[in-house]
Every structure is written in C-alpha cells, then in structure tokens.
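Letters A, B, C and D mark the chains in the order given here, with residues in each chain numbered from 1 onward.
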Amino acid sequence: MNTNYKPWTVDDIAQKVAASIDEGMYVNLGIGQPTKIADYLPDDKDVFLHSENGLLGMGPAPDKGQEDGDLINAGKQYVTLIKGGCYFHHGDSFAMIRGGHIDLCVLGAFEVAENGDIANWFLGRPQDIPAVGGAMDLAVGAKQVYVMMDHVSKKGEPKIVEKLSLPITGKQCVNRVYTDLAVIEITDAGLVVREMVEGLSFDELQAKTGARLIQKSSV
Amino acid sequence: MLNKVKDSALAAVSQIWDGSTVLIGGFGLAGQPTELIDALIEHKARDLTIVSNNAGNGETGLALLLKEGCVKKIICSFPRQHDSYIFDELYRAGKIELEVVPQGTLAARIQAGGSGLGAIYTPTAYGTLLAEGKETRTIDGINYVLEYPIKADFALIKAYKGDRWGNLIYNKAARNFGPIMATASSHTIAQVSEVVELGELDPEHIVTPGIFVHDVVKIGAE
Amino acid sequence: MNTNYKPWTVDDIAQKVAASIDEGMYVNLGIGQPTKIADYLPDDKDVFLHSENGLLGMGPAPDKGQEDGDLINAGKQYVTLIKGGCYFHHGDSFAMIRGGHIDLCVLGAFEVAENGDIANWFLGRPQDIPAVGGAMDLAVGAKQVYVMMDHVSKKGEPKIVEKLSLPITGKQCVNRVYTDLAVIEITDAGLVVREMVEGLSFDELQAKTGARLIQKSSV
Amino acid sequence: MLNKVKDSALAAVSQIWDGSTVLIGGFGLAGQPTELIDALIEHKARDLTIVSNNAGNGETGLALLLKEGCVKKIICSFPRQHDSYIFDELYRAGKIELEVVPQGTLAARIQAGGSGLGAIYTPTAYGTLLAEGKETRTIDGINYVLEYPIKADFALIKAYKGDRWGNLIYNKAARNFGPIMATASSHTIAQVSEVVELGELDPEHIVTPGIFVHDVVKIGAE
C-alpha cells in the first residue's frame, strides 16, 4: 500500500467543510464528526447553527461550572446560545427541517451510494436496537446534505458504494461527501472528485471506493 | 456581518416579480402590512396571486392593491365585508378570481406549506360546497377532506419589533397570520415598528426566528 | 295568531345561554347575536372566551379612547384581554378549534336541520359573494355547538327544518338551539323542547317549526 | 375561581388509569418531568403505552418507569443510548414493545393529534424500513408517507412557570416536546418550578395557553 499520503484528520475535514459555509446560512451539524465543524466557523461570519431539539444560534460548549441541563444540543451535550439565538418547540424545529429552511446539514454515515442514498441510522444486525432520531428528517429536509465520514470502514471496506448494503436513511439526498481522503461531489453525471489528499493518486482513491469516480478535470 | 434590514419598503418589495404568489398577513386591518402593500403598488406589480384572510377594507392597503389592478387571483377565507366594495365590484365584474378557503384550513394549508407536508386530511368543510370535487377519506369514523399545502414566492407581514437577523415579535392580535406565513414563503419581508439590537429580543420570547425572514423594513419616522 | 306570549329578546336568550356555561369552559362566541352572551357571564366564574384571530381570555370592549387596532375580535370589534389571557397565531388558534379543545361554540344560523346540520355561511343566491371565515372550522371542531337565532325568518318561515335548503356549513354538529321562542335539544331521538316562551303552546311552537318537535315530558 | 394547581404530583397522576396512553415530555433529561414519573411509579400504573423521544437514561425517570414494569409499549425516536441499558434489556428480553418513529414525524403526528387532522403526508422515511407497509403517495414529484395522528389520554410535561389557569412558559431547550404534547392529550399534567399569580406571565410570552393544561403541580421546596 502506498504510504506517500497522510489522511486528513477530523479537524482537517471539519475545516474544509467550514470553509464551504457562507455567511447567513442555517446549518445543522449531525452528531459525531460533524460537530467539530463548529470549531472552524470564522467569528466574523454570521452562520446559524440549528439543533433539532429547539435551538437556533447554538454556541460553543459552556465554561466548566456553567453547564445547564436545560441547554443541550441534539447529541445531549451542554451548549450555549449566541446573542440573537432563540428557542422553540420540536414541532417548529422539525418544520424548519422538513420545510426546507435549513440550508445545509452535515451528517455522519455508514454508507453513501453513488446516487446520493445514505445509510446512517441502523446496522440492521440481530443484536441492534433501531433508533433513528432526526436522521431521516434531516436527510430529506435540508436543502443540501453533506456527509462527513472515513473513506473506508475499520475493516478497510469502501463506504462509498454503488448500492447501499445497509438500511437506507434517505433516498438521493446527499450532495457531497467529505472523507479523510477526498471531497466528492454527487452529480447527475456521477461521483466527481473535487479534491484529494496530497500524495494519493486517483487510481488509489478509486481502489478504496465502491463506485466509479470521475476526475474533476474530466468534467 | 449579516444585516437583513433593508433601507426602504420599495427596495424590499422590488424583488417581487409579476405573476408571483404573495402571502399577505393581517386579519382585517390588524397586522396588515400596509406600507409594504403601498410599496408593492408603487412597484407596479402585476398578475399577483394573493393569499390573505380578507380581500381588503375601504380603499387602503390590500383594497388599494386590488383597485390598482395588481391582483389576478385572491385566496382568502372572508372576502365579503361591509367595506369590501372594491373587491366586490371587481369580483362581480369578473375581473378577479376568488378561491374561498375556511379560515382554519387556510392556516393549516399555510402551515403544511411551511413545514414540508405533502397534504393533510382535515375535517373542516367535509360535505360542503367548499369541498366539492375534493378527495375525502373516513378515518376512525370521522370524515376528512384532503387539502394541499399553500406555498408562496413571497410573504409580506407586519411585526412589532425585529433585529438584523430577522427575529420578530408581534403586538397582540396583530400576530394572527404573520408567524405561519413567514414559514411558507421562499422570501419573507417583514415590516416592523422598531429595529432593535441583536440580543434585545429575549430568546424565549421570539415568535418568528430569523430563519424564516429575509428582509426587515422599519416603518415610520426616518 | 296567538298573542298571549312575548318572544324572548336577544338579551333574554343570551342570559339563558350564559347560565348554561360552567366554570372553566373554553367558549367561542360567533359573530352577531352570540356576542351578547359575554355580557351575562357571571364575574365570579372563570370562563374563557376564545377568539379565532388569536385570543384566549377575551375581555369586554375597551373604554372610549382606549381602543387598540391590534386588539380586535373575530368580528373586528375592539376588545380587551383579561388578566391571565394570551395571544397566539392563527395556526395555533385553529388547532384549538379543530383539535376539539373548545368546549362550546355558539353560532348564529340561517337554518338548522333536525339532524344537527347547520347552514350559516352562504345564501347561495347569484348576487352573493361566498365568505366563510371560521364558521366551518367552529362547526366541526367545537365539542358542543349551540345555535342562537330567531325561531322564524323575517318572512315568517321556519329556520329549524327537516332538511337544509341552504348550503351547509357543517354536518350533524349542532347540539342545542336557542331561539326567541324556545330552547331545543338535538338528540338521537329528535328535537326535544327543553323550554318555551311563557304563554306559547307546544302546538303553536310546532307550527312555527319545520321539523317534528318532541315535548320534554315525553322523553 | 378556577384553580388547576394540584396539591401533589401523586394526586395529579392518580387520575391515570392502567392501559392508558401517556405522552411524556423531554429530550433526554432536559424537560423530562421526573417528579411526575416518580409519582406515576408510586401510583403503580400498569400496561402504559408511553410516547416520548427517548426510552430513558440511567435508572431514574423514564428508565425507572420501565424498570418498575409499568410500561407495555413505547413509541419513540431514539430508544438506544449509551445509558439506556434498562430499556435495552427489556427490549432484548421481549418484555416491551417498541415503535420507532423519526423524530420529526413523531412531532408532526403529535401536532396532527392536537390539531384535529386525520392524517398527514410527510416526506420523511419514504423508502425506508420505517415506512414499510405504509401508504405512500407522490405529490408534485415528491414521495410522501401517510402518517396518522398520535393522541393520548394523558400528557406529563415539565415547564418552568405556570399559573392557576394552566398557562405555561418553559426554560431554554427544555421546551422541546412540552408544548405540542400538551395539545395532543385529553388530560395534560404539567410540573413547574414556580407557580405565579395570574397576570404575571406576559400574554405575549405564554407558550402553552391554559386551554391545553388540566393540572399544574409545583415541584420542589414545600
């Protein structure tokens, strides 16, 4: 295996996603890796973080000792509210999501298919207990859905595939995938590689991907 | 720094194109965004489809918009009032289309539009003229009519105070359709009596979060 | 025609309806005659008046000079809000109505049929412009619907009928009718007369009614 | 004089009968009406169907209600959490029924229940396991799943302040499911940290109007 490249860290990826977010956007960051993105949003840009449990204008974690059990995010972590933020109930919160008012949602995923299908809620093994939370609403409701995940599984298997092998969360809803190896756009023409880790060849990336990739230059 | 506060009502409503669908807040005169409507007249909008509870009173606001020939069709619950003579005349002359919707169904359809539902079954109007030709269904012994969402290109609403991110609070019963109309349009323009600093509106008291509002226009003294 | 009786006035009827309203009830009073009922609700009973334009705890008309254009009722008259009342938007207001949270609604009517059908929104003549407002929502949504109207039309024709001749507002929803001559309960067995104007005979009342009445004593 | 304030949590929840459906507010621990749940356990309720976002954390509140064998079925969006071991064990032992509903659909079904709709078409979960066997429809090119309202016999919610007419305000993100659950039950019991005089809650700021609340229980120091 080629070792001329170093995969991006979660912080690297978070920084890339953050850089793609424009001022004035309403953004929901999924539980797990995507939470990191908040750390890289520039202070001079007004970007609004939505949390499906009823927050708009979610701020960073509170200082030690300032935690408030009534002020948590969708991952049930302590957070704060920025000046100009507000609270609302779950009905209104999911009206925002389902109604297409969230500009961007960044989700973690088990698998993404080349047509934009996403699987991120349930492994479907006998021992697993199904639990979906807001994943299906976000997948179907946000104007743009980005996925942030490792390029391959812990066993080294591709997570970007032709067809999902796991139970689906939402159909044809992912617009872009950020992995530790590449940034891939899901287009009508197929999976277009926008950017790759330095030192990684296109063929190597293709070998780690379960669906056909298209080089950006060729589109 | 994001600032949704526009310089003038005209600057805001100039974004409205001919033939667009516009939600207009208010119940009678309470909550009617009169100054935005005046600007819409000045903008010489044409062929609008208006969704509003009433069809105008006297010769100002919504009534004037009708009189000036800006409106092709109106969707409302209660067009006929003692002082709705401008609408009445246009209607009788066949110069305006009318779709009458029960007030609660109007609200529910707007809410469905704002919250991404494809359709709803509502018990209101079952078996009446206003449900004629509509799909119906009996669920748990109750009869329902299938109604589709109302979504619009623009919403013009009147609030009390707003900030530069578009957060809004309302005054008393002038709240009426404002909060739900804000959710159901691609572009919501809110006129306010006061623009306040960010953070002045208590996060517990904000009625319309800025996510639903695109322009804020302060009305009154310059 | 018998003249041994004096029809109840609107105030008389309003008083009767008011007396039937229990403490703690949430009540919507329709435009027209029913508005009068508010004047006869006893001060020592907590009764909540709902107005579909977004008020709960509607109070009496304001003093002269205290009118507020932002504080009107569904009939677009100036009103006040009592201590402990609140404001909400139209979606929430009709959720209250349609969702069965209003205990009682008192409506005016053109016609009421013996099965509880009501016509009160549209005369359907060529010159009429249809306008429904909240009538259909209230008819179908309130737990109990009372009608308050004259017993016969200005032309002397019965307004309580076997079958409606006018466009219907809501099916089988009226529970009780208060007229200037009688109080009539709509039951599965038929129209039961609870009370009549003094001096009026049952036969005289029947003659003014377009559907078969049942004497209370006979049920 | 109407006074919805009850003397104790037990007095309030004692109205709950075995086999009833109970909405329980909260998102994780935020907004969970822990003291009402404790009283429900003391009341020895049985065969309940619980509707709540989660299936309990640790060994208190909702988790304890499950542990004590009060619950037959739970309808929720996210049962499995790092500390949901009580639920996990009951589920794996086949001792509790589970219906998993997407969080937004859970909210929408509760709202449909509270607002008298017969059913709604929602885009969420179309084509997934959670829509299997459900009716679907394509409207304007988008695929929807038909979902039915959730209505309950009781709702237990936690608010911040309440008055004797049942008007409520909430604290921060503890608001979550409270306001919508209050609308969808025949009998809503709200625990509050403070009971205030009538009129102390600003009519513009009341989140849950008293019409949706039947009992108010003050929790904390006597």
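Everything below uses one rule, namely that contacts are C-beta pairs under 8 Å (C-beta built on N, C-alpha and C of every residue); 3 or more make two chains touch, one makes a residue touch a chain.
Since the model is a prediction, treat every value here as computed from it, not as a measurement.
Enquirer: Can you give me the shortest step count from chain A to chain C, moving only between touching chains?
Expert: Step count on the best path from chain A to chain C: 2.
Enquirer: Which pair wins on C-beta contacts, A-B or A-D?
Expert: Of A-B and A-D, more C-beta pairs in contact link A-D.
Enquirer: Distance between chain A and chain B based on Cα centroids, please, to the nearest Å.
Expert: About 35 Å separates the centre of chain A from that of chain B.
Enquirer: So, what's the distance in Å between the C-alpha centres of chain D and chain B?
Expert: 33
Enquirer: In angstrom, rounded to a whole number, how far apart do the mean CA points of chain B and chain C lie?
Expert: That gives a centre separation of 29 Å.
Enquirer: By residue number and range, which residues of chain D touch two or more other chains?
Expert: Residues 108, 111, 115-117, 122-123, 170-172, 203-204 of chain D touch two or more partner chains.
Enquirer: Can you list the chain C residues in contact with two or more other chains?
Expert: 81, 87-88, 94, 97-98, 141
Enquirer: What kind of graph do the touching chains make: line, ring, star, complete, other?
Expert: other
Enquirer: When you check every pair of chains, which ones turn out to touch?
Expert: A-B, A-D, B-C, B-D, C-D
Enquirer: Can you name the residues of chain A that touch chain D in the complex?
Expert: 51-55, 68-72, 76, 81, 87-91, 93-94, 97-98, 122, 124, 128-137, 140-141, 167-171
Enquirer: Under the stated contact criterion, what part of chain B meets chain D in this complex?
Expert: 108, 112, 115-123, 137, 139-140, 142, 144, 148, 169-172, 202-205
Enquirer: Help me check something: in the complex, which residues belonging to chain D touch chain C?
Expert: 1-2, 111, 113-117, 163, 165, 167, 183-184, 198-199, 201, 203-204, 206, 209-212
Enquirer: In the complex, go through chain A and note every residue touching chain B.
Expert: 23-24, 26, 44, 46, 48, 50, 56-57, 81, 83-88, 92, 94-102, 141
Enquirer: Using the touch definition up top, name the residues of chain B that touch chain C in the complex.
Expert: Against chain C, chain B makes touches at 27-31, 53, 77-81, 88, 91-92, 98, 100-108, 110-111, 122-130, 143, 170-180, 207.
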